[in-house]
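What follows is a pair of complexes built around chain A, which joins chain B in one and chain C in the other.
Up next, the complex of A and B:
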């Protein structure tokens, strides 16, 4: 059993506080992704879990045992670094064998384990090469190989795909998900790419400025973002935010969107009152061309074939992006009326907290 | 790389390099010419660049004039090698500590090392003499090796530290996560990757050791058999005459083995001095 619990982890570098009171309970065999913009503290948090960095405050429990002061090996973790951190002077075989050599493992078993890892990662015919002779994807696999020979309880990955080109990244995403199923281990994966987070994670931790914004399944984050930050971060293209004024709070939230369109939204209204300024969040894929709705000036139309993405604005300064049918008849420079269903809207108060949706789709597992 | 400079610029560059090289190499050339000249030529005026009685006689006669010459050359190389080896034993762990560890007075002590380097050995000769005497090391090889090591450690640390700092920290972190101790990491990861740097530092220390041994030899050592070549060359200065041509010949023969080693290591030297300049 390798649950991973973080209890009130804080971290300061000198006077700069980069992690604020982070508590997470990660379950056994779960694939958890830490996602957030660059500099939000993802790597620092991962390095604290690894034992490369000491938390200023808080405890780390792996499998229920307090490992806050334990060596990485005793924690039962292994880590794959962003730069792969392969030893350039050692062969692929020796790179993978390194953790076992450190343990002074007996030759026969070492050989068996290295060969097994190489087999899983399709590196069997590359064992005699040096890392410099491998492609990016193969180097990545060697780094993973080195992390699996030791049979750790928890795998840590720090942006392992960010050095690969887009096509390879797609392949490796699938391979990593496969690996997670095969190894049946707890994995913590750091990335700044929300697509990686959405596609691979069992659950996602969204970090912002050293704080946890939200911890939940990908579809939970998509349908029920807790904050404006999460709403804007998850989903591609990004959610649109339309400044709006509250007209009434009885029987749903009546708002007047910028540009004059009025709507009644099925959200919890207990924290707002008449006259408040809120932001209505609309996903680009949730709009259709219609006769009543928001008037959007289209600046650029990207035709992707299956869909056309329009980039424009409401009233000149509120940016609005819409995902429309591929053969839509819209002209760049023209304007279009977009219909928005009230139940698709997200509403955020002045502090960026969501007003709970009351008519959201059911979550798929 | 190609066509980065115009023809004219290339000509200019080569011209400057040529001037520089001439400046550096002319003394060696003149040494060589002097070693070929019969002695009476050397004092003749006007200067004669070439004459028919030039010969390699000096190269055979020098062994008779100074019977211990072979021994001196050996001593020179032996002392320089010993100094280099011992210095490296101290420099490697120290440089690694300065490159990677945090400890009190790290920067202060580094600055002090640099400060010590500002003194030439000459300033410290008398105190050193007393130290060596009380340790009973005068007139032994140690008299020339110990001060040599002491003066070269700071330079070595400075040079190697900056090289070690360029080795990606993530490699060491990866080794740490996999359970390797500091020493294991140093041995299996850091030093193999630092080989070019070690060679550069080793060569720099060797040059330093070779250059400074004269001063230590004439001050701390009276035993003829232990003298290095630069001190031994004094024996070409006789009571009546100085056999300049033989002295030059001996000096050239003495540096020859060192030159050969350098030619071998040249590839590493260039690689080492430019390491990190290009993204790999």
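Up next, the complex of A and C:
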């Protein structure tokens, strides 16, 4: 097993630059998730690590060895594709055995390895079937089986769960996390689903427009988003952003939120000055109904049972979503006063960069 | 069936506010009639007539029932045996070449090479231009005095003087095969190409990541994936080649001394050339039987292949 280092990776297709100077140091046995919206370059980055695409610039090191020009098989990686890429004419056994057949592995060991993989993935009684006879989840497992028989140093997953239905996806998330523990291997996983990222990753790389927005643990990203993009991307429902004006920068940041509510926020104020426009980010789950705070007109209220999600706005055009108690007495079309604690607020400057929070919850491991 | 006619009747009644004036049976016959008439005139009647004629001694002078005499003659004729062997040799060689060249061509046209679209168009002419025109071109190529092949062979010192490719038994046979392959390859290539383009790119990428080389990927992914098309094209190509008439007729008329006379040419020469309609028909019936057996074998194989390679 091995570390994976990306040094200043850039990629252009013709004149279009899709990856800008990406450097990451992924630890041995770490489960790292690349997450971002469609077209952010996450799949391209994975394909560059796999050797399916060539980086325009930069180096890839696996276990400290420069593999930038190496063939995929010599990099010690294996990859699970979004479409599973199973060979429809081969049985499950032969699909799993494929990488070993390429290596011309001796029969006894091949058989042993395939059966071991099948056992781990609960496919033992499916070995004689063709992929067409399997369910989506089973096909997914065959694809994983094919990637583990080779004992690669690094596993690469390209949106492996996106073709499964929601319930199965939940199950497979748990199975993949379990597999990561069992195999004790370095894994890189690409997804556009922040829930997958949050639940499975040791660390998350948030990509946007071919750049790394932030690289950190799930709770780091949640509590200390470095940019407005990360703040909006991580967390469900998404963070609210309220345009605000800086009133004073002494003793914390004094702001007037849209709608007139004034607050003093415990953040670093060195990069802003009086009169600047900033955005105050508030997570839907960080608000409570109170007597003083922001006035929100509620348009729609979704009652989920344990919680009720209200969708509304401040002053007509600033959308504001709040996660309220399940039995909350709020009417659609009415308005509600929401209390926000200053220490729960995130503040972003005009360029979308965060003003460092001075009081924030201690991170859990 | 009755549901369908019910709703059709209902539609008529509703649309025109009229009682149905046609009994159900008549209406059904009106629907299938044209197709049946078409098949009857184009296929069934000529086939029945051919079978009937094969039991006759028939010529311009009239017909006389002779029972199985025409068939008995064929069974005992050494010349006919040779014709059958020649036909199968002709067919297997030509089909094999078409499949191999088609596979190579499709692989090349499927590769990411510059100007690929242009090459894809350039392989079409042999298939698109009328066979007769193409064959006249080949007649000139094979010509001993004016043909480029003979000229180049002389320049290179391979032959001493003008060489008429179509004048000698062996060279005429293989020349006809070359022309037949030339005409047949584009279709095979295009079908293979279409099949190859249907193979998911992910399969190749997955194999590439696993270290499979070009040849390995071709052998274990491309070939199995396009196997149903290979089987289909083998049969279609075999039937076309078996019945390939124009090419041989224009190039050699079956000569020299019968060297390029295949079953279909023999049938034509006997029935139309020598006005022996009965004997010709017996040959035609044998062709039908042989091709029928071929088609059965094909269905059997296709079924097997689809099972083995997982028909989509």
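As a convention for this text, the second predicted complex is superposed on the first by the 364 of 365 C-alpha atoms of A that agree within 3 Å, B and C clash if a C-alpha of one lies under 4 Å from a C-alpha of the other, contacts with A are read in each partner's own complex, and residues count from 1 in each chain.
Basically, a contact is a pair of C-beta atoms (placed from the backbone, for glycine too) under 8 Å apart; a residue touches a chain by one contact, two chains touch by 3 or more.
These figures come from a predicted structure and were not determined experimentally.
Colleague: Clash or fit: chain B and chain C on chain A?
Modeller: Once both complexes are aligned on chain A, chain B and chain C clash.
Colleague: Of the partners chain B and chain C, which touch A:51 in the superposed model: first, second, both, neither?
Modeller: Both chain B and chain C are touched by A:51.
Colleague: With the two complexes superposed on chain A, say which partner A:71 touches: chain B (first), chain C (second), both, or neither.
Modeller: Both partners.
Colleague: One more residue to check, A:311. First (chain B), second (chain C), both or neither?
Modeller: Touch status of A:311: no partner.
Colleague: If I apply the document's touch criterion, which positions on chain A are contacted by chain B in one structure and by chain C in the other?
Modeller: 50-52, 71-73, 77-79, 81-83, 85, 87-89, 98-99, 102-103, 146, 150
Colleague: Taking the touch rule as given, give the residues of chain A at its contact with chain B in the complex, in rising order.
Modeller: Interface residues on the chain A side: 50-52, 71-73, 77-79, 81-83, 85, 87-89, 98-99, 101-103, 146, 150.
Colleague: What residues on chain B touch chain A, complex-wise?
Modeller: Contacts found on chain B: 168, 170-171, 173-180, 184, 188-189, 192-193.
Colleague: Under the touch definition given earlier, write down the residues of chain C that touch chain A in their complex.
Modeller: For this pair, the touching residues of chain C are 200, 202-203, 205-212, 216, 220-221, 224-225, 227, 308-310, 312.
Colleague: Touching residues of chain A toward chain C in the complex: what are they?
Modeller: 50-52, 71-73, 77-79, 81-83, 85, 87-90, 98-99, 102-103, 130-132, 146, 150
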